[in-house]
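Two complexes come next, and they have one chain in common, chain A, joined by chain B in the first and chain C in the second.
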Partner chain A sequence: MTEGDIREEILDILESIAPDEDLTQIDDGVNFRDQLELDSMDFLDIVMELRKRHRIQIPEDDYVQLASMKSTVTFLEPLMKDIERV
Partner chain B sequence: MIRSASDDQRIVITGVGLTAPNGDNLADYRQGLLEGRSGVDTYHVRYVGDTLAGECHFDELKHQKRKDLRRGTRAGSVGIYCANETVADSGIDWSTIDTSRVGVYVGVTEHGNVETENEINEIKAFDFDTRVWSHHHNPRTVANNPAGEITLNMGITGPHYTIGAACAAGNAGLIQGAQMLRLDECDMAIAGGVSESIRTFGIFAGFASQGALANNANPARASRPFDRDRNGIVVSEGGCLFMLERLSDASRRDANIYGELVGYAMTSDASDFVLPNPEQQARCMRLALDRAGLSAEDIDIVSTHATATTSGDIQECKAIRRVFGNSRGTLINNTKSYIGHAMGAAGSLELAGNLPAFHDGVCHPTINVDNLDPECALTGLVINEPREKESVETILNNSFGMLGINSAVIIRKF
Partner chain C sequence: MYDTIIIGAGMSGLAAGIRLAYFEQRVCILERHTTIGGLNSFYRMRGRDYDVGLHALTNITPRGTKRGPLARLLKQLRLTRDELQIAPQLGSEVVFPGVRLRFSNDFELLRAEIAREFPQQIDNFERVVSEIVEYDDLDESHQAVSARQKLGEIISEPLLIEMFFCPLMFYGSAREHDMDWGQFSIMFRSIFMEGLGRPYAGVRLILKHLVRKFRGLGGELKLRSGVERLAVEGGRVCGVVLDSGEELRADRVLSSAGWLETMRMCDDGQPVSHRGAGQLSFCETIATLDVQPEKIGHRSTITFFNDSKKFSWKKPDEPCDVHSGVICSPNNFDYGGQRLEEGTMRITALANFDYWNDLSEYDYEMEKLRWYDRITDSGVRFVPDYRHRVIDTDMFTPATVVRFTGHEGGAIYGTPEKQFDGRTHLDNLFVCGTDQGFVGIVGSIVSGISMANRHCLKG
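And then the complex of A and B:
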C-alpha cells in the first residue's frame, strides 16, 4: 500500500467509527480529536480494525502515533507497504 | 394498604413511551390491538434460520446518532427511544428539571447474550483469535447497560439499574420505580422493561429444544394463547417505559394521569425451573389485591401472561380460576396473541395496551383462538372480538417468568 492507499483505508475505517462526521474536510496535520468527536474507545476501534483487516498489531505504547492522519499514515507506512490494496 | 397512603406515597403513571412490533406509540399500538393487527412476521436469525418473531420498527435515529447506535446495544436503543418518548408524553419540561432526581429502572429478561453471540461469531472468522474480541464487549454486556445507555443519552444523573426478572421484568421494573419514589430516592421514575431478545439465536434455539417455539405458515396467526392448536412462543423485542411520579408531584404540575398503581406483588414458586405453579401465581394476585384493598370482583380486566405454551396457559388459567372464579364481571384478555412474547418488555407493554380501556371502555380480545382449549375456557375470557364494558376502573396485569418468578400489578383509573 502506498501512503495514499493507507490514507484511504484510514478514512474508510473512520467512516464506520464516526458515521455522523463529515470526513471530506479532514486536515491531515491536525489531531483527529481536535476536528472529530473521537474518544479513547474510538481509537481502540482504529487499532482493532487494522488488526482485523490487515493483521497489524500496534503496541499500546504506539497508540499515540495515531493522533492525526499524517502521523498515522507515517507510522503505518512501513507496516503496510507490503500489503496489497484489496 | 397502598390505598390508604398519603399523596406523596401514591404513585401514578404520567407518561408512556413504547415500541411494540405493531406500534411505536400508545395510540397506534392501542389501535392495532382493537383492530386485531398482529406484529409478528417472518424472521431470520443466524444458525436457527427462518423463523417467526415480533420485530420493532421505531425510528432509531429519532433520539440517537448513528455512532451511538454502533457503540451501544439494541436494548439500549429500545430503552432510549422509550425513555425519550415517555418524557415527551408526560409533558415534563426536561430542560428545567433536576436530572439527579430522575431514576431509571429497566426490567430485562436477559442481557448480554446478543452481544456475546455477536463477538463469538466475529472471532470465529479469525479462527477464534481473542485478540479481535471487541473492547466494546464489556460496556455492552454489563447488566445495567440498557438503563445506563438511557442515562448517557438523556443526561440523567440519578440512580439507574436493570432489574433481572425473567419474563416478569416489565412489571418488576414498574414496581421498582414505585418503591424508589416512595423511598424518596427520586422524584421521577422512568420504569418498565425492554427486550432485544430476537437478536440472539440462543433464545430461539432454546425454546425450540424445549418444544416451545411457535411456527405457523401465517405469521400473524402464530401466537395463539388458549387455543388448542397453539404450538409455542413467538419471541419478540420491544420496550415500554412509564413515567412514574408521586401523586403529590403530578397533581402540582397538573399532569395527565393514566392511572394509579394501587397494588402490586411479587412471589416465587420455589418449585421448578420452568413449570409455573398456579398456587403461587394465585397467591401473587391475591397479595396484590389485598395490598390494594380490593377484591377480585373489583377488577375489570385481567391482562394475562399466557405465552401459548400448553402448560403455561393452563397453569395460569388454574390460578386465575382460583382468584377470579366467582368474579362474573371481570374480563380477561391476552396481548401476546398480537405481539408475541416481548420478554423483558412483555409486562409493561401488555399493561400499556390495556390502559386506554379506562377511557374507551373496551377490553381488547385475545386473538387467534379458533379452537379454545377447554382447560382455558375462563369465564370472562374475551376472544377474537373486542368487548365493551360499561366502565373500566381497574386492571390487574400478570407477568410470570422462569425460575418461578411471579408478578401482578393493579392500576386504577384516576
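And then the complex of A and C:
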C-alpha cells in the first residue's frame, strides 16, 4: 500500500467507527481528537480494525502514534507497504 | 477452547460478547436461565407481553449527539439509532407532599420547575449542575464522596435534596441512605440532563438486536447452562464446569454474575473477600387497563413519589415500603402516531427480600395479592385512580429478581461496593455488569463494552 492507500484505509475505518462524522474536511496535520469526537474507545477501535483487516499488531505504547492522519500514515507506512490493496 | 467465556446473557454480557466476536474471538456466553436479558428480560403470560426490568432507557440524547454513553454504545456495537427505535418520554415528575417537579428530555423544564417551586435555591441548583457537568465518568477515581454531604453544602433546602435522591436512588443506588458523588453525577446526567426513552416493542427489541448481532458475528450462546464452578489452576482460571458437569476451557472469563456470586464460583479455596451483599430489592405491580392511561387523565411517563418530606432508601422492615415508589406507564412515550394496544401501569416499591424468600408457596401467592393492593392503593394517591379499569394484573417480588438475575438477596443493583476496574484476585477473571459499577440498560451495556475492551481485547 502507498501512503495514499493507507490514508484511504484509515478514512474507511473512521467511517465505520464514527459514521456520523464528516470526514471530507479532515486536516491531516491536526490531531483527530481536535477535529472529530473520538474518545479512547474509538482509538482502540482503529487499532483493532487494523488488526482485523490487515493482521497488524500495534503495541499499546504506540497508540500515541495514531494522533493525527499524518502521524498515523507515517507510522503505518513501513508496516503496510507490503500489503496488497484490496 | 474459547478465547473468552462470558457468564450471563444480560445486557452487559451480550454487549461484551458482540465486541469480542466482532474482533474475531471465539466467544461463548453461558446463561443459567431459560431466556436472555438478566434483570432486563421479558416474559409472556395469558397472551400478554411483559418486561421485567425496563421502565425506560436513560441517557437519551437527541439524534446526532456525538458524546455521552448512548452515542458511545451505538458506535462501539456498530448499531444505528434507528435500530433501537427509541421513543422519547412525554414527561415525568417527582411528587412529594405539596410539591411536584416535572422534567422531560429538555433540561430547561426542570430548571423552570425548580425556579418556580424553590426560587431561593435556583442559584444553588446551578452550582450543583456545573459540578455535575464537570464530573468525568471515565475517571476511575470515582470520588467516593458522599452525595448527601456534597449536596448539603450547596443546597440549603433539605426537601429539594430528597426530591433529587428519590428518582436517582430508585433508578440505580445499590447503597442505602446515600450515593457516591460520582454515581449521583452519572445518574443525574443520564436521567435529568439527557433523558428517558423506550422502544415501542420494549426490551425485547434491544435484546433481539444484541443477540442477532452476537450470533451473526459467530458468537455462541448457551441457555440453561449455569456455571457450577470456575476451575482455577495456579492463579488462573482454566475453564468452567457447568451444572450439567460439562467442562469448557477458555483463555479468560468475564463474569456478569455479580461479585459475590462470581467469587463463590472459584474453586481455589480463596476466602470470598468480604463485601456487603446488596440489601435493596423491589416488588412491582403491573396492571393492564382497558383504556389508554391518558384517557383517565394520566399523561406522566414516570412518576416518582414519596408521601413525606423525608425519603427513606433502605431495606424496609415491612414486606414492602409503600411510602415511596415509581409509577411507570409505557404508554406515555411519543411513539410517533403508534400507540400500545392496551394501557399499562407499573408501580415499583422497595421490598424486603428475606420476607418474600421465606414464604411458603401458598403464602407467597396470598401475600402477592395482598401487597399488590397495598402498593396500588398507595400509588393512586399520586396519579389518577385506575383501579376500576384493570383487566389483568401481575406482580414481581424479590424472589422473581433472584430467578432472573441470580443476585444474592434479590439485590436489584448488586453490591454497594463496586469493582470499577473489573479485576479479581485471578489474572484472567474479570467482572462486568451491575457489580462493576454501571447500572441501567445503557450503563450495563457500557460496562460490558468497557470491560471487554480493557481486559479481553488488548494484547
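Note that the second predicted complex is superposed on the first by the 86 of 86 C-alpha atoms of A that agree within 3 Å, B and C clash if a C-alpha of one lies under 4 Å from a C-alpha of the other, contacts with A are read in each partner's own complex, and residues count from 1 in each chain.
Keep this in mind: a residue touches a chain if its C-beta (ideal position, glycine included) is under 8 Å from a C-beta of that chain, and two chains touch if they have at least 3 such contacts.
Everything numeric in this text was worked out from a predicted model, so none of it was measured.
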Touched partner set for A:D62, first chain B, second chain C, both or neither: neither
Should A:M48 be classified as contacting the first partner (chain B), the second (chain C), both, or neither? both
When the two structures are overlaid on chain A, which partner does A:D27 contact: first (chain B), second (chain C), both, or neither? neither
Using the touch definition from the top, say if A:E8 reaches chain B (first), chain C (second), both or neither. neither
Using the superposition on chain A described above, determine whether A:S16 touches chain B (first), chain C (second), both, or neither. both
Which chain, chain B or chain C, ends up touching more residues of chain A in the combined arrangement? C
Show which residues of chain A both chain B and chain C reach, each in its own complex. 16-20, 37, 41, 44-45, 48, 51-52
Within their complex, state which residues of chain C touch chain A. 23-24, 64, 66-67, 71-72, 75-76, 78, 80, 138, 449-450, 453, 457-459
Contact set on chain B toward chain A in their complex: 65-67, 70-71, 126, 131-132, 134-136
Touching residues on chain A, where the partner in the complex is chain C: 16-21, 37, 39-42, 44-45, 48, 51-52, 60
Report the residues of chain A in contact with chain B in the complex, numbered from low to high. 16-20, 37, 41, 44-45, 48, 51-52, 57
